[in-house]
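Before I ask anything, here is the structure I am working with.
As written, the chains take the letters A, B and C, and residue 1 is the first residue of each chain.
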């Protein structure tokens, strides 16, 4: 009988291919050689303590930090392979507005605080040519409902929202153009525990329902366990362990991973 | 009158039209670039003018650059030739350039304006110079210059519609009534200066050359003759100009921009044409008609 | 291979780097097969590696060497060398796992917890709901608890929710880790029934059962793991 030691999803090709990314500010500070593939619908968690390079890595992957070495290849909706740092600035920005999303740790970095929730959600649609006010408003109301914000607040500015609501609005703003890949940096950072739970629940469901691929940076192992399929553990710019999330957390091999896991209360 | 003759008049020691020739050359280069890229803001080395920023220094530098001894200059301020500022600027050029001045739109070859476009349609060969306070239409939402330049380059104008969206959300209609953003030649989004939106359609396919000067921000931009200029709007909230139920008290016009004038302290008011020349022409025409056909 | 599971010379040890680097071998050259429609019980004293072996069959633990072949969608997959996404696919379609403790996710209702494996497979909401309700009823979880998150339930209730979740999909392979540990006699009966039905429908089952009575009633054969200081060797015996 044939033993198939090959990927079972033969038809699927990686959505994102990261090759040899290096960006160092000083020895051991930054990203020192990271490779991985990400497939559609996969959530990859990147964990590590502060200074591990995980935020730098996220920057390099999402187009905001030019790496010193390496490539980031993305397969777009038209099945074209784009070399992220070889395409024009214009194309990169279009990518970030349409097929990609970025959820920042602080909602104020990802929202326009001075305009209404509806405008925040509608902006990306307007940017790609949405010119019907009624439809834009409807999309705004629908997405507010999706992220469990009362649609009646569509005209309120994010300044009047709580931290958790701002974060959920940020998610809605990103999802409105149906992106395939989302980058998240500590999405629950700074939020109260009960608020975190609600946000994580929302993210979990959205990821499953929409088949999103996600690169999620977090220092919180519980968040990583809940949301990610795969986990990469970073230390001093290098990936010290990677694999199936529950495997890395329940059967850690690398000394640093073991330390991380054992340091978390109630893991 | 040629250049030497003009200079031989008593211009108080100033060069023709106040600015030195090198400066005019520099601004002309900027203007050429602006005309070549309709709606694009060209930086220029603005000079000190004998009046502070906010009083039309940009417009004056453009006028000084394009005006010649054979030109006839008209200056209006909110449509009127007889406000203090219009008079001052007109006198400035009369003194420093010795040019003929007029209040009649059809007689002018160069018209400098603050916040209005004349009602009388302009013709090929005329130059309309606008005074602009803030040239950057995206400044309201994006304070960084580097970012706004990138947005223009990449045509990232989604935020302009965000502004209009906010108007409709807040007021039920697009509440912007002046400095209404336009898209020029299908590419750049431009702030037409604080003219009422009533005037926006006049910019579209205009036979005259339209030049815009911002002195404090040191930017010039241009709309060449017969250029497509479209005001931004939504499909279900299309662009509309203002309309009045009243007509002009003096000339009876129903198609011009009307100013509301309070006449007493009991709520009495009248509406009059903002464009003084247009109003006067109409009154003269009416009087002439009455003479010929009593 | 006709077997649903084939374990080939599995070796699994642990090295605790942060405790002086102490290492110990738990599984040493373990090999066995499990066929369709048979229930195999892992036997052995505590510390002999039963749980470790079960987790290795789910790819929750990663062995140092050896292979774990599983029949998945008509071909064979080695869980040890498979890509994470393939392991996830195997877990989605082929292998169900009832762990000892329910991992509670805040805010997710009992019904949603039980329904999830079916929904993930694309089973309709109505059908998933019907199956979940049926299982919860059989396992004596009162209806008033169905819309609550299981975080406040007793250990026994949580375990029954866990079991329901494991049986909501007809997995070709089932791994059960002490499924009746916190249950009373009545509920133990229900679980025995569930296991026997699954087995009779052709599932290959590997389980750890503390209760001898349950074990005797569901097991076709036993695999004994013995701890000899730091080694464990698997021996197949007929029950």
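Here is the rule we use: a residue touches a chain if its C-beta (ideal position, glycine included) is under 8 Å from a C-beta of that chain, and two chains touch if they have at least 3 such contacts.
This is a predicted model, so every value here is computed, not measured.
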Both-way neighbours, i.e. chains that touch chain C and touch chain A: none
Busiest interface, counted in C-beta pairs: A-C
Innermost chain, taking as reference the mean of every protein Cα atom displayed: A
Centre distance in Å when chain A and chain C are each reduced to the mean of their C-alpha atoms: 32
Cα-centroid distance, chain A relative to chain B, in whole angstrom: 48
Centroid distance [mean C-alpha coordinates] between chain C and chain B, Å: 79
Of all residues in chain A, the ones touching two or more other chains: none
Chain A contact footprint on chain C (complex, rising order): 1, 15-18, 55, 59-62, 69, 72-73, 75-78, 81, 83-89, 105-108, 120
Interface residues, chain A side, partner chain C - complex: 1-5, 7-9, 39, 42, 197-198, 200-201, 204, 208, 226, 229-230, 243-244, 246-247, 250-251, 253-255, 258-259, 262
Chain A contact footprint on chain B (complex, rising order): 141, 150, 153-154, 156-159, 161-162, 165-166, 168-170, 234-237
Chain A residues touching chain B - in the complex, by the definition given at the top: 89-90, 93, 112, 114-116, 118-119, 122-124, 126-128, 130-134, 136-137, 154-155
